[in-house]
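A short worksheet on the structure shown next.
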Amino acid sequence: MEFFFQQLTNGLAVGGIYALIALGYTMVYGVLKLINFAHGDLFMIGAYLGLTLLTALGLADHLSPFGVIALLAVMVLALVAILGVVLERVAYRPLRQAHRLSAVVSALGASIFFQNIVMLIYGAKFHVYPHDLMPRTVVHIFGMPVPLIRILILLASVVMMVGLYTFIQRTKVGTAIRAAAIDQGAARLMGINVDRVIALVFVIGPALGGVAGLMVGIYYGQINFTMGWIYGLKAFTAAILGGIGNIPGAMVGGLLLGLIEAFAAAYLSIAWKDAFAFCVLILILIVRPTGLLGERVAEKV
Amino acid sequence: MLLKIENLHVKYGNVEALHGIDISVEQGEIVTILGANGAGKSTTLMAISGLVKVSEGSILFDGEPLNKLPAHDIVARGVAQAPEGRRVFGTLTVRENLNLGAYTSNDQQKISQNLDWVFELFPRLKERRNQMAGTLSGGEQQMLAVGRALMGNPRILLLDEPSLGLAPLLVKTIFDTVRQINQAGVTVVLVEQNARAALKLADRGYVMEVGHIVLKDSAANLLANPDVQSAYLGGRG
Amino acid sequence: AADTVRVGLMAPLTGAWASEGQDMKQIVELLAEELNNQGGLLGKQIEIIAEDDGGDPKTASLAAQRLANSDVVAVIGTYGSSITEASQAIYDEAKILQVANGSTAIRLSEKGLKYFLRTCPRDDEQGKVAAKTLMDMGFKKIAILHDNTSYAKGLADEAKGLLEKEPVEIVFYDALTPGERDYNTILTKIKAAGPDVVLFTGYYPEAGLLMRQKMEMGWNVPFLGGDATNNPDLVKIAGKQAAEGYYFLSPPVPQDLDSKAAKDFMSAFKQKYNAEPGSVWAVLAGDGFNVLAAAIKGSGSTDTEKMVAYLKTQLKDMPGLTGNISFDEKGDRVGDLYRVYRVDADGKFVLQP
Amino acid sequence: MKNKRWIVYAACAVVILISPAALNRYWTDVLNVIGLYVMLALSLNIILGHCGMFHMGHAAFYAVGAYTTAILNTAYGIPVLWLMPLSGLLAGLFALVIARPIIHLRGDYLLIVTIGFVEIVRIALINNIFGITGGANGIFGIDRPTIFGMKISTPGQFFYLIWFFVAVTIYLFRKLEHSRFGRALNYIREDDVAAAGSGIDTGHYKLIAFVIGAVWAGFCGTLFAAKMTIIAPESFNFWESVLLFMIVLLGGRGSIAGVILGTFLVIGLPEIFRQFATARMLVFGVVMVAMMIFRPEGILPPPPRTYRLDGDTGPEEAA
Amino acid sequence: MTLLHLENLTKRFGGLIAVNDVSFDVPEGAIVGLIGPNGAGKTTVFNLITGNYRADSGKIVFDGRPINNLPTHKIVSLGIARTFQTIRLFQKLTALENVLSGCHCRMKSGSIAAMFQPPWQRAEEQKALDKALSELRFVKLAEQAMNLAENLSYGNQRLLEVARALATEPRLIILDEPAGGMNDQETARLIDTIRQIQARGVTVLLIEHDMSLVMKACEQIVVLENGGKIAEGTPSEIKANRRVIEAYLGTDEE
């Protein structure tokens, strides 16, 4: 039982991070129908920027740990958001009228670019966050020790999800975002500034990814230039699992993927866990072709 | 003069669809544009709304050039359009679609007034206000498209075949509505295949053929014009 | 080809192993530069032709073709057994001497290729040492974790085979996925199996994370790692506290050798790159260069046959950056090379007696 | 107009044919790799370009072919080239089995599932499934192919072997495109509801497209195994599939000439960029983005199909 | 003889009953109109017939054979072809290729034949080509054969859909608002075309809001409202039917 519970928290911790990255993925997808393969790399850049800022500004000497993290988060958020907007401007906007997949290739190109530029700037070595950044507080839940940071990560992703969901579903701008996602021309006819709406999406999505990168950096300590690719793929899987474009779906998909991996590793085989996770994904999609929470609008003919 | 189009040229790729047309619309008028399929009527409306690029010529709205403005600014200035093909937002609800029609307005009271009015015009929409627009029947979507354009208190309303796919009873409603809106002070540009009804409603009309204006006159004269009759009114109705 | 001696270097300069490859290049270029300052070889300057193998076999075979075409007298490299393997036939057909540095798979030297040598020891060698070390330390329940790369799996299998003949129990045997960040699931599972020691045969990034997450779990089991964890970054990733007490096997690193060659190299490297050399594999590429230099000098020629003959028969206990170097008939490095290291409280790698 | 095109193609073909004479072994070998990828990309083009299914797992089929060849050759000594049909068949069978339940998935959902397959295959290979794949080591010691008693081993020899198959592929796929089958795939790509409404069994055609693509990828697997003599799981990872995906889109969906050109760029450019050393992939990334922006529909989008209309059915009669 | 027989057909979407217990027959060789207010369920009936939707209950019998659970392409090859209310052409393909898609279900050659092109395959291709051209000529679009569908005008696109449907050699063709977006003159031409289709021995079932077309072309009319059938009869009967006037036609005061 304790083993089960431990693995449950392990799975949720991993899943929380997947969810966080998947939120940004789904957000961008929802509007542009673009699988932004560069999203994982923006995540990775978030991790690097966090480290650079931390060491360059010597923050840890002046502020409390939470102060440092909060300040870092804000800065990373802003910087990655800027990068996201530039990415959209340069690599995606010219392709808005083109076939959907054209932008995917552009995204892949951008991903290669980001990985290699980080490699050239920072070197190919692993970089490491200071170990004492985050107090290693452990709280007890039902008598089981759980590191506080895991709870914070989970909490962060829940808060972001709820926030995003409310924003998209309940606000006027959110409705405009969804409208632009469906038919940009018609959205223009409603007086929606489509360019701005899309830019906004590319502020939010990458910013979320960047912050997730920062969290991974702080939590696990070790970052390198290829990490975005692995996390990006997982997050994409999570987003699909939940129903891509669907914000609560990204959350559910992320957590579920984390749990599947944890339990597959715990009770089956570690070496096969990813294969197993994909099998579950495929089975779920066979039963629910648009993911767990994806809309099942029968196409009206 | 509310709207003045001069020497308008529009190109799709290398093909020119409009070869220099002139249209003017006075404040408070209903003007109809007739023409066969592919004559360029929809293109004209899209050019006014800023969705297709103007390659030459000018569009003045209230004395101000529109053709350099982005589409959303044009809407904000009071130009609304119910486009061809309806283009409702399929995965949004009817309500959300209607709210988007009033995107540029911030006057909540006015918005809810308009909503009531649209629901009164099309009770069907009220019934279905929480249904996804994409699953509405063709005619229901058409109602939504027109209703959505009415939501924003436009100064000028561009209607592209608003009666398309509507049942005869509703076609009447639509034309009555257009008259009502017009009487409330909104200028209307109406593109219609149902030429007879359109001419009966309109003050003036233009006839387009392959990207040119070939005829302009008062609606009554056009209705009586034998060329128009044989080409667009199918002899007798 | 007249005025310089061209030496090829095949290394993963991009891709997942870029960090190793870039280290290899730095070290080899440094050594070449030093030698050139002393007048080069046979009166000629040495020129290093570096090609990127991207860490994948297909790119590697192209890189090999390219080197085979650029008049090199020999090639150093590369990292990763399957990468090396993709290039072996090409060099063999072109009669080019290849000195691999990070390719420990046994079979590479079992094919009877004439011009293939390596400065790194073979997996079976290390497997033997790993099993022996575990037995000497007196562990009874052993968990083995690898990462499913050809190197780590080979080592794990080798050790497992030997340990199964001993009176110990192997309570866990599985592979993690390299490149991930969170290994709590795996640690929880290993912990539940109740081992006295964990043998991890993978690479340092994962080892560092494992150590760190193990500490955070409050679990105190000793870890023994293979030579792929011999990298100062291990301690950076794990943190000194978590890394303390970590054992690993490795050929000696230059820091630990008294030889002049090693000392000179250390100071030169620090001076030029303002850092300590990275993994031992990159240093082994440096030894590959030294060996080649010795072969050219010793045989007085850049003829492949002569160089190979010299290396396999005449070169004995040449002092290198990783200890004394000799080769056997297969081209494998001879001598028991492996040492046991332990990480101390300061994060230093301490050679165990 | 049309004739000019043919002259260009013929000229290209001749240039390619005589190129080994002018090139050194390295560049010849680059052409060999390109040739393999041309075949692979053309087979993916059937699925992705013509049928419009987002398939990012083509390496899985390629792997099945390569491993079939490697296992049977090393274990039973069956000559490599004899194994080609079998490799194709097994890859096709594999595609048939896995694609059946997922073929109805739309766009991105299919994309992730195919990525899933390629990952599952890779993990299975790495974990030495059935004890026959050699795990991470892969399989080595695969024989060189022989033709009429001549052993193929140098890049120059491989060049003619590979490009022979490329030529056959181009010939057959061109016919395939210009047929009822090829059109059916295009209809499905454009609008599958309308395609079904015109009487096309969309599920069936999607499946067949998958199988044909897979069979060809299986053939390529044989050639790859023969050329490398060693195969390992990392040759068939997700990234390979991504490369193929990019080739098809960059070249022009559904365009044979485009896909060939795309292969030359995607596989050839990183080789040309070797002079940038560690920055070569960076440059490559930038070039990818730039090319997509300048040619959003690919470098050479397919020209509309032409039909020989008989004189007596000329348009003048129509009015 | 009855070609198509619908019996107690019902279709629900969530809580909404889009088609409610509808039964009617389409006699062979006839032109039958299906009319009714917007959202009455007409298009849904079509979608049920062609297998795009599955009926919740009820029976669809075509030529004596139940077709309820057949997939669309099977239904097409049995001899029912359709056009769509919102045009669904293959926009990026030429008009000719659009029509060729209709020939598909009457051809046999598959992928292998395509690669090796035996003579019979070539003959078949040629036959299909001829067929497609003749259908294009039938709707008077032969000049547009090589134009992309998206470049045709709206009315011509509708005609192209008709040609595509005809190319499947249907026994029953069902047209969803074929005159939508056409002016009176074009509509008049369409009526001729529909009559010619009938003359070829093809039965026609159509939905249309343009009463001039319905009343002129149809021999029999079925009226739906709110998913249920409220009337059935000849044009003159329907014109006089009080319930239909109230629900749909309105009084013709002008």
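We call the chains A, B, C, D and E, going by the order they appear; numbering starts again at 1 in every chain.
What we mean here is this: a contact is a pair of C-beta atoms (placed from the backbone, for glycine too) under 8 Å apart; a residue touches a chain by one contact, two chains touch by 3 or more.
All values derive from a computational prediction rather than experimental measurement.
Undergrad: Stepping chain to touching chain, what's the minimum from chain D to chain E?
TA: Tracing touching chains, the least step count from chain D to chain E comes to 1.
Undergrad: If you walk touching chains, what's the least steps from chain B to chain D?
TA: Steps on the shortest route: 2.
Undergrad: When the centre of a chain is set as the mean of its C-alpha atoms, what distance in Å lies between chain A and chain B?
TA: That gives a centre separation of 43 Å.
Undergrad: Just how far, in Å, is the C-alpha centre of chain E from the one of chain B?
TA: Centre-to-centre distance between chain B and chain E: 29 Å.
Undergrad: State, to the nearest whole Å, the distance from the C-alpha centre of chain A to the C-alpha centre of chain C.
TA: That gives a centre separation of 36 Å.
Undergrad: In whole angstrom, what separates the CA-based centres of chain C and chain E?
TA: 73
Undergrad: Mind pulling the chain C residues that touch 2 or more other chains?
TA: 14, 18, 22, 148, 175 - these are the residues of chain C that touch more than one other chain.
Undergrad: Give the residues of chain E touching no fewer than two other chains, as numbers and ranges.
TA: Within chain E, the residues that touch at least two other chains are 13, 43, 52, 84, 88.
Undergrad: What parts of chain B, by residue number, touch at least two of the other chains?
TA: 135-136
Undergrad: Which part of chain A faces chain D closely enough to touch in the complex?
TA: Touching chain D from chain A are residues 29, 35, 90-91, 94-95, 97-106, 108-117, 119-120, 233, 236-237, 240, 244, 271-272, 274-275, 278-279, 281-282, 285-286, 289-291, 299, 301.
Undergrad: Considering only the defined contacts, which chain A positions touch chain C in the complex?
TA: 3, 6-7, 10-11, 13-14, 17, 116, 119, 123-126, 128, 131, 136, 145, 147, 216, 219-222, 224, 226-227, 230, 261-262, 265-266, 269-271, 273-274
Undergrad: If we count contacts the way the header does, which residues on chain D are in touch with chain A in the complex?
TA: Touching chain A from chain D are residues 54, 101-102, 104-109, 111-113, 115-117, 119-120, 123-124, 126-127, 193, 238, 242, 245-246, 249-250, 253, 278-279, 281-282, 284-289, 292-293, 296-298.
Undergrad: Under the stated contact criterion, what part of chain D meets chain C in this complex?
TA: These residues of chain D touch chain C: 24-26, 28-30, 33, 126-127, 135-138, 140-141, 153-155, 228-232, 234-235, 271, 274, 277-278, 280-281.
Undergrad: Show which residues of chain C lie in contact with chain D when the two form their complex.
TA: That would be residues 13-14, 18, 22, 50-52, 56-58, 61-62, 65-66, 68-69, 81-82, 85-86, 89, 93, 105, 107, 111, 148-150, 153-154, 175 of chain C.
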